[in-house]
Structure formats: C-alpha cells, structure tokens
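Structures for review follow.
Each of the next two complexes has chain A plus one other chain: chain B in the first, chain C in the second.
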Partner chain A sequence: MGTARRAFGPVYWTITIALLATGLWMSAFYATTESTMGPIQKIFYFHLPVAINTFIACFVVFVASAGYMMQRTAMWDDLAEAAARVAVLLCSVVLLTGMIWGRNAWGHWWTWSPRLTFSLVLWLLYVVYLMVRPSIESSQRRALVSAVYGIVAFLDVPLVYLSVKLLPDIHPSSIRLAPPMQHTLIVWFVAITMLSAGLIVARFRLGRLTRAGARAGAQDAPAHPRLVPLGKHA
Partner chain B sequence: MTALRQAAILVAKDLRIEARSRQTLGLVVVLGVLIVVVLALGLGPGPGAKGAAATAILWVAYLFGGVLVFEKTMAVERYDDALASLLLAPIDRGVIYLAKLVANLALMLALAIVVTPVGIVLFQFDLSAAPLGFVKVMALSIVGFAAVGTLFAAAVSSSRLQGGLLALLVFPLCLPLVLASTQMMIAMFSDTHPQTGGGLVILVAFDVIFLVASWLASELILEP
Partner chain C sequence: MTGTQYLILAHVAGLALLLGYAIVIWRHSRALSRRVQVARPTPAESPDR
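Let's turn to the complex of A and B:
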C-alpha cells in the first residue's frame, strides 16, 4: 500500500507533464490555425481551461471554508489556503493570457469588458484572502476569519458576474470549433485540471507538514534555551 | 425582553457614546469632505461632472469614511472588555450584530447627509432628473456596504493591522455595489443610456444575501 502510494505521485506528475506537452504539440501542429485571428487564437486552448479551473479552485476554497465552519479542524483551513493560492495563480494566468489575446484582437492590453473586469475582481478577492491571513496572529482566529471571508467571497462571485454584465461587452461569447480544435481543447482541459488538482494537493500536504513541524518544534523547544556564544557551536 | 428592544437599547448605547465622545462623526465627515475636495482639485475645473464621475467620487468618500466608522464603533467595545461583558449578557449574538449595523448605518447616514451635498455642489452635479432614484440607489448601496463592513470589523478588531485589514477585506467585496450603482446612475442621468432593472436587482440581492450571511456568521465571529 505504502509503495503504491509513493509511486502515485511520480506517475501522476509524469502523466500531467506528458499531457501538457501533448497539448502544446497539438496546439502548434494539429489544431488548424483560425482564419480571422491567426496564430494568437491558439492561446485560447490554454486560456479557457485555466479560467474554468480558477472557478473550480474558488469552489474548493468555499467548500473547505464551509468545512472549517462546521468542524473547526485545521485540515480544512490548510485545504482552503492551498486552493486559494492555486486560484490566485490560475486567475493571474487568465488575466495575462487574456491581455495578450486582447492586445492582438482589440489593439489594447486592457479594456473594461465584463469578462476582463470579472477576472480582475475575482483575482482581487482571492489575493486579499492570501494577504490578510498572515496579519492575524492567532491561528484559530486566522482560520475563522479566513473561512468567513472564503464563504462571503464565493457568495460575492455571482453578484460580481451580474454587475459586470451591465458593462458593454466586446469579448467573444461563443466560438465554433473544428474537430481538431475541440480535441486540442479537451487535452488542454484534462492537463490543466490535473495540474491544478496536483498543485492544490501538493500545497495542502506542505501546509499539513508545516503545521505538524511547528507543533513538534513547539513541543521540543526547551523552556529556557541555552545561549551559546558565537563561534562556539558544535 | 424582545430582540427588538434589546437591539434598540444597544443602538441607543452606541449613539449615546458617540454623542458624548464625538470621536467618530467629526473625523469621518471631515475625511469625506477632504476626499471629495482632493478629487475635485485632482480632476481639475471642468464643465461639470457626469453622473458616473460624481457617483464614483462619492463612493470613494463613503468607502473610506465607512471603514473608519466600522472600525471606531467596534473599537469602543474593546475598551475595558466591554465586548466580553456584552457577550456574557443573555442576548443573541445576531442581535448584537444587528444593533451594531443600525448604529453604523446611522453614522453613515450622517456622513452621507454632509458629504453628498458637498460633492453635488463641487461637481455641479444636477440631481433634478432623478433625485429619488439617486437616494434609493445610494441607500441600498450603503446598507449592503455596512452589512459587510460591520461583519468584518467584528472579525478583525482583535488583530494587529485593523485599519488596513478592514479596507482590504471590504473593498473588493463591495465592488459589485460600486459597479451596479455607478451604472444605474449613468442610466438615470444620461439620455443616451437605456435604464434597466438589472442594477436594482443586484443591489437588492447584495443587501439580502449579505445581511443574512453576516447575521449568521456573526454568531461565530463575535468573540471577546
């Protein structure tokens, strides 16, 4: 059981990297080049799956925050933090790829179109989640405030979506894809989903280990540490 | 004692403290006016601000003034462990939250009564097209803002970086309010933009969702 568990990580990451490489190859050589946009359209295969996975990561933050509110165990707080980190990373990638697309499609790095504005507000909501955490000293209080914010921020997401819809839109809403384009998108979607899930789990495990290490360190530390003069260390 | 009477006593207590100490209102009103003046000077003299610009500037004043109001009214409870005593009293924590919210709304109303005319005069903003619409949009927006602000003021009041933290937490959450109200103002005070009910639905939905969510969360977040 232990060996199988140890082998799972390397196998998982090998498949993920292989899928990412396949996705890259398919976008370059297999998917046909779009007639209006040209090669820059290929960023879409990466942009859309990352955007969808951003929402999934935000949903994980919400579920983990609700889990913490119900059970008050540190495990949920670690999961929420891990998912929030990945959500911010993915949302940053969505914003950057969207801006590169926008520069080529509309001639501007930024326009206040509903979806761009939505991505920016979403990014701000979850960056704040990460920035606020270190400012609260007590770990229980930090977990509680973060959990409340994680829930409130997720409830805010549909309202942000509805409010940005009041702005004029120039973003493409539906794109018809040829079969090679669809296949490429599916490969990218699986690869990015595996990457995001892997990153959340890796960060979650790191959080658990850090917490366990801090707890062990606090138990082992002597009440009055012996001061050793500089240069006298063994 | 009914919950309503308990809430009325708590609101009266907060307003009495403010009336006697005059710590918050003077500070907040001056800050609000200062923000409007700084932005008016920064934008330079012009032919008169459009609805969106005036609304946005008023929003900046309300946001910063509001955060200060929420902080100050919650800080009062930290002196002499007043909050711990309040939590020991046989009062539902939801009632404590609602009372704090009403007190905050009263102070925000006082802020708006002074700052809004200053903004209207300095920006030559003509309200005559829809004065009631303006009041309705601003009132709904301030209720939602105060609901979120009061909750997080209680949440961060025991932490090291209260001031910056509260603004950081509340501002991004209130962006739907800012967006919806600004777009509604553009529609109300401009002939070219058609008026839709979408903005009003968002404001009402925000108020309802966050009043309920904050009331429920206050049970857990209010701690001595």
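Let's turn to the complex of A and C:
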C-alpha cells in the first residue's frame, strides 16, 4: 500500500506531462487551422481549459472557506489557501494568453470589455486574498477572515461567466469546432485539469507540511515560505 | 510578429508559469520534509537511547 502511494505521484505527473505534450502535438499537427483567424485560433485549446480550471479553483476556495466556517479546522484553511494560489496562477495564464490572442486578433493587448474587466477583477480579488493572509498574526483570525473573503470573492466568478452573455462584448462567446478541434480541446482539458488538480494537492500538502514543521519545532521553517508578515520587513 | 509566433509565445509563457510553479512546490516540499525529519528524530536516532 505504501509503495503504491509513493508511486502514484510520479505516475500522475508523468501522465499529466504526456497529455500536455500530446495536446501540444495535436494543436500543431492534428487540429485543422481555422479559416478566419488562422493559426492564432489554436490558443483557444490552451486558453479555454485554463479559464474553466480557474473557475474550478475559485470554487474549491469557496467550498473550503465554507468548510472552515462550519468546522473551524485548519485543514480547510490550508485547502482554501492552496486553491487560491493556483487560482491566481491559472487566472494569470488566462489573462496572458488572452492578451496575446487579442494583440494578434484585435490589434491591441487589452480592451475594457466586460469579460476582460471582470477577469482582471477576479485576478485582483485572489491576489488580495493572498496578500492579506500574511498580514494577520493570529492563525485563527487569519483563517476566519480568509474564509469570509473566500466566500465573497467567489461572487465574481458568475459575473465573468455571464458577462459575455448578458452584456455587449467583443470577446468571442461561441465557436463551431470540427471533430479534430474537439478532440484537441478534450485532450487539453484533461491535461490542464490534471495539472491544476495536481498543483492544488501539492500546494495543500506543502501547507500541511509547513504546519507540521512549525508544530515539530522547526523554527527555521516560516509559516509562509516566500512571504514575510507585514510590519516584519527589515 | 506573425500569428504562429504569438501562438508559440502564449504556449511557452503559459506552460512555463504552470510547470515552473509545480517545480517550486516540489523543491519547497522536499526541503521542508527534510527539515521536519531533522526536527522530529525517530526513536532510533533519539539521544535518550
């Protein structure tokens, strides 16, 4: 059982990397080039799964925050933090790939359309979530404030999703896909979902390990490896 | 820049961010597991034995 558990991680990450490589190959050689936009349309296979996984990561923050409010256990707080970090990362990739696509398709990097604006707000909300956490000294108070914030911040996710349907927007809302395009999108979606799930689990374990290290008296292990609480900077 | 160059730029930048973060977590976890093991000696390593 122990050996099987130890082997799971490397096997999982090998499959994820293999799927990512397959997705790249399919984007380059298998999916047909869209007639209107040309090769730049192939960003879509990467951009859309990352966007959907951003929403999933935000939903995990929401669920973990609600879990903390109900049970008040540190495990939920660690899960919410891990998912928030991955949500920020995924949202950064969504904004980045979207901007690169926009530069080629629209001729400019950014436009204040509803979907782009709400996506930027979503990124800022979770960046603030991560910035506020280290500034609160008490771990219980930090977890409580973060849980309330994590629940409220999730309200932006439906706004991002619905903005393109309810408001006038130049962001594409639907695209007709030929079967090779659909297959490519499915492979990318599975690869990115496995990658983001793996990242959340790995960051969650790191959070638990940090907490265990602090309990075991490893004084040189800071509660947040890369962050120093506000007011404690040299 | 051509559409293909923008396409390559988007994939390289996006995947570098995602996989780079995975490597950062892996390195931190490995370093921290060692520290936790050092801080929590096993009974065999305990100086009381």
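One rule holds for everything that comes next: the second predicted complex is superposed on the first by the 204 of 234 C-alpha atoms of A that agree within 3 Å, B and C clash if a C-alpha of one lies under 4 Å from a C-alpha of the other, contacts with A are read in each partner's own complex, and residues count from 1 in each chain.
Just so it is clear, a residue touches a chain if its C-beta (ideal position, glycine included) is under 8 Å from a C-beta of that chain, and two chains touch if they have at least 3 such contacts.
Note that the coordinates shown come from a computational prediction; the quantities given were computed from them, not determined experimentally.
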Exercise for the section: Could you tell me if A:Gln182 is touching chain B, chain C, both of them or neither one (first, second, both, neither)? Expected result: neither
Practice task
Mind telling me which of the two, chain B or chain C, contacts the most residues of chain A?
Solution key: C
Handout entry: Contacts of A:Leu199 with chain B and chain C, given as first, second, both or neither
Key = second
Problem - First, second, both or neither for A:Ser163, with chain B first and chain C second - result: first
Exercise for the section: Classify the contacts of A:Thr14 with the two partner chains as first (chain B alone), second (chain C alone), both, or neither. Expected result: neither
Exercise for the section: Once the structures are superposed on A, label A:Ile151 by its partner contacts, choosing first (chain B), second (chain C), both or neither. Expected result: first
Handout entry: Touched partner set for A:Leu124, first chain B, second chain C, both or neither
Key = first
Exercise for the section: Mind working out whether A:Ile43 is in touch with chain B, chain C, both or neither, as first, second, both or neither? Expected result: second
Practice task
Show which residues of chain A lie in contact with chain B when the two form their complex.
Solution key: 69, 117, 121, 124-125, 128, 131-132, 135-138, 141, 144-145, 148-149, 151-153, 155-156, 159-160, 162-167
Problem - Residue ranges of chain C in contact with chain A within the complex - result: 1-4, 6-7, 9-11, 13-15, 17-18, 21-22, 25-26, 28-29, 32-33, 35-36, 38-40
Problem - Touching residues on chain B, where the partner in the complex is chain A - result: 148, 151-152, 155-156, 158-161, 164-165, 168-169, 172-173, 175-177, 179-180, 183, 196, 198-199, 201-202, 205-206, 209-210, 213-214, 217, 220-221, 223
Completion exercise
In the complex, chain A touches chain C at residues 13, 20, 24, 27, 37-40, 42-43, 46-47, 50, 86, 89-90, 92-93, 96-97, 100-101, 103-104, 195, 198-199, 202-203, 205-206, 209-210, 212-213, 216-218, 220-221, 225
